[in-house]
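What follows is chain A paired twice: with chain B in the first complex and chain C in the second.
Showing the complex of A and B:
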């Protein structure tokens, strides 16, 4: 097991290293420059010497590999640099942004899990019932609607017409206010791919239910409730869990749109802002952090699966591939 | 007259979607106390549905339309949910054919026991463990404690079947229902499991309802026999009467097939002694890497034998004896480290040797129809052209299939038909040697008998040599001219079928002893000799 964890961590390092090199290079290939983004039209009026000086100040005149090496050494020492636009330390900006994002992702995960467990298990047990068809139609609608449009409609209804929920920002006045601010973004983020979760669970519950061992359990007089929660559900939840690990990157990608729309001060909106402003240090930090979250998340999910499933556990212990 | 444990009257079962489609039609039989009743029939005769109906647990979409099932004078079909749970769990034990799929792979054997006991008794965890280990030991499982802590996938098929039996008998049921419990097992394990069931019945006076397609098992086990065909009971008799005076035509045919399967093949006079394939001192080891040490497992060692033209050679042994590895080496699907395999045939090796996989369905592309599956071989040898379809039709005819089947997909075929299609595919290229890997494994007795005569016919007409790989010594003796017995990667005996019976090799003898009896009267003879021996021992 230790061997497996060590090798997974090593893999994660390699992925992060390669990812950082790729991002570092490609960001710089984007049209426009940080100077242009900072000064806007004024940059046209500046002298050549001024422009060179700005680039020198930002360290952009050096060859790419030197820039990368400097950045990399800084990161190893815990020094992520300063934002080009605000001059604030990247570490502090990230520290402020990460908490709202994690809260948002967790809230949407709770929301997705609760709803998909409920509908997934019920529709799996009662396939082709009215509820099953209705759930299928509803989840396809939510899956195919663009989430920005859906977010706007929710805002229109709950904030403009009813005036019960705020449209933007974090709630500062107690837990009730905080929840009011959280509920819409979390809902939008979760609902866009809840359909996949429901369908995965539904199909696996339905398939497991017809497995021979379930029949054998019934033949031994075990109650239906025990069969469902101790046998069908754990067996069906494995693919569900691994999908959860895989879809973490979808959720993070979705959070960019949702955070921007709801002015949620998290990593998503920070990454969009920094990308538009060519704010390289901030952008790199956000990208690497998102990568780490995805890698770590899927690793944790794999560990949970191995913990639940003895077959996988045995595989890991033996170290015969993963 | 003994009391009846189970009485089935006019039981009819139909599809819920189509009430006209009767799966069981007026089935009636009784299971007397302490007796073993066998239901026999071909696949699709409705015997498994009958077994499941006894628990009132039919698969989705199938329902009992009329009839009565009485267990100790109580109607099973009108029991409340709670009563049914008690009836299923404590009074009837059920054993299945498939030993892998009937366990929850995420739970240990111990958890399976704990769940059963906690549902039906008030035993503590420790008491359950003690009781379960006792049961597992009764089933002659060594290391019962290890087995108790194991997951199902860590055990072998034979071990799982013993565990299943232990679970079924855990709460001292009155009736044991066994649905083809030994079909997927090696002969020796089959003999053990049958013995355990029989032993339980005599020890506790429990009744057994035994479902099988094999008259050998019936001869070995049953007191009464119920013969089924197309969802109806066509004959009910004591086992002696059934073997000696069968009434119904179908029963007679089953007995005929059984005899065919158990006839020992006459020795072949090899006219042409030119070998087709010679194997010389072939060896193969697999390596397992464990940390830094390499650990080798010798799968096949120092194997030598020839296969002559037109000869049927049997390769028998238990699972894990190296038969399948040897067949892969012969086919050159894997490379061997030692020795030589020399092909003397007149056509190229890849064309001259054809292989039939043990699970035909697994070897078909599910999206291809029969025409494409069978005809594929011609594409590789660039022998397409006008008459491809004609050739396919011809070869289908040889294996006894109609040309209607050309546009049918694999999942629509029955077990016997799939095997025939697989053989047709192999025969299309006019091979000189046909390698059959456990070709009877998925077939019922009648299909086995038909397949046996088909293979003999092909061998006679086309002069095709056949290598028949099987764990079934009985089938090998009925089909093969010469038999090779394999144990732990070595060939321990080579003999003609009629010589094998009097073999002095210990391993061969143990394989032979696990063969089922041919006639129920043999059982009584065996019993009396055993008693005589015991008497003699006591006297001395």
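Showing the complex of A and C:
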């Protein structure tokens, strides 16, 4: 297990390194030099000598790899720069925005897990029943719905016609109000990939159910309930878990749309706002941070899977790559 | 079961065919201009004259839907083709060369895949000015990664097959191996991926345009018709938002389902995002 953790950690580090190089290259491709970004229009009025001096001070004459190393160390130490539009430190802006996003993603995970466990297991056990067909149709529809449009339709129904749920912002007045504000965005975010979860669980429950060891358990007279939760479910939960790790990036992507729609003051709406205002330091920080979260998330999920199922460890150690 | 599915597939095919026909015949079918503004008849609910109502500038929603379909479908097809070319190229090189090159290329792929797709799109969008072409490029450049991974796996497993080894033994060159043996074998995968690529691209275009970083608002697309819809929706003008969304959903549903059927037909293993099976 230790060997697995070390090699998997090494892999995650390499991916993070490559990702940060990509981000750095990207920053360099942005319009305008870093000096211009710092001094704005004044740079045009400066003398040639001053411009050279500024470039030297900022380290722009050094080879690219030294510049990258300096930038990367700076990022690690929390030097994320200041916003172009508000002048506020990016670090602080991110710190404010990250909490609402985490709440939203956790709340959406509750919807995803509860609904997909329920429908996935039931349809897996009763394949080709009416419920199974209905769930398949619903899954297809949810896979094809643009999530922002689904959110609009929910708003139309719950906020315009029924007038029971608010359409924007965080709830400030007590827990009831807070929940009211949370429920629609979390549901939209949670439901957008639920079709995949249900189908994974359904197929694996169905396949495991037919395995010989399950028939052996039945023959020994073990109750169906025990077989399901102690034997079938753990087997089916592995692909489910690893899909969860993979879909973290989809969920963060979804949160950009959902947060923008519901004026939820999180990382997603911050990233879009900063992109529209050409506020590159903020946008870059959000991208780097989301990337790190996704890499960390899939690392943790892989560890959990390897801990549950020793076969998963062998796969990486044999060096087949994925 | 089988018979039911065939019937449904035919319905979907007819739907797509009709959709293509009406969007490309739009100028003949509708008396209205999708761009002309009529301030005397803004935000009219559906009526006999305007079947799907009019929008906030008095433009006929149905007309704009038909013209918008041209853009959305074109973007979908073009972006898919770009993604297939980049993805298949990357996957073939990575899988064929193997070794260190393969490992480095796969880690680059991992890094790109860990950036949430919309953030990647937003990032690239900053670099190129918004236009029809830029939307195609953005979607193409951000959706080739799953294709690359799948093609690479396919090439890797094909390389172990006896008929490939036999061709190597009789002295086939690398380019012969690739064009005559490996790529044709990947064709079913590429076809299925390109179909799911179209639905992904249509959805992405809609999302980008809705967020205001896709197709510029002047020319209609299914996504940017929904752009301002939120505020009008809250004041009760439901028709502006309902119809474009329904059309996107139906189209994506049809394409996704057909892709799924083809996947079964080719008996391919799990595809796309590792999820669908």
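The rule is short, and it goes like this: the second predicted complex is superposed on the first by the 249 of 322 C-alpha atoms of A that agree within 3 Å, B and C clash if a C-alpha of one lies under 4 Å from a C-alpha of the other, contacts with A are read in each partner's own complex, and residues count from 1 in each chain.
Heads up, the rule we're going with is that contacts are C-beta pairs under 8 Å (C-beta built on N, C-alpha and C of every residue); 3 or more make two chains touch, one makes a residue touch a chain.
Only a predicted model underlies this, so the values are computations on that prediction, with no experimental measurement involved.
For the composite obtained by overlaying on chain A, chain B and chain C can both be accommodated side by side without a clash. Looking at the shared chain after the overlay, A:11 reaches chain C, while chain B stays out of its contact range. Of the two partners chain B and chain C, it is C that touches the larger number of chain A residues. By the document's definition of touching, of the two partners only chain C reaches A:196; chain B does not. Contacts of A:212 after superposition on the shared chain: chain B is touched, whereas chain C is not. Within the superposed three-chain model, A:29 lies in touch with chain C and out of touch with chain B [touch as defined at top].
In the superposition on chain A, contact is made by A:221 with chain B only, not with chain C.
Superposition on the common chain A brings chain B within a closest Cα-Cα distance of 6 Å of chain C. Shared contact residues of chain A, touching chain B in one structure and chain C in the other, are absent. On the chain A side of its complex with chain C, the touching residues are 11, 14-16, 18-19, 22, 26, 29-31, 128, 140-141, 143-149, 152-153, 155-156, 159-160, 167, 193, 196-197, 199-200, 203, 242-243, 246-247, 249-250, 252-253, 256-257, 260-261, 271-272, 275-276, 278, 280, 283, 286-287, 290-291, 294-295, 298, 321-322.
Here chain A touches chain B in the complex through residues 210-213, 215-223, 226, 230-231, 234-235, 308-311, 314, going by the rule given at the top. Contact residues on chain B toward chain A in their complex (touch as defined above): 55, 57, 59-60, 84-90, 92, 94, 96, 98, 101-108, 115-116, 119-120, 151, 153-154, 167. Contacts from chain C toward chain A in the complex involve residues 1, 102-103, 106-108, 110-120, 122-123, 125-127, 199, 203, 206-207, 210-213, 226, 229-230, 233-234, 236, 238, 241-242, 244-245, 248-250, 252-253, 256-257, 273-277.
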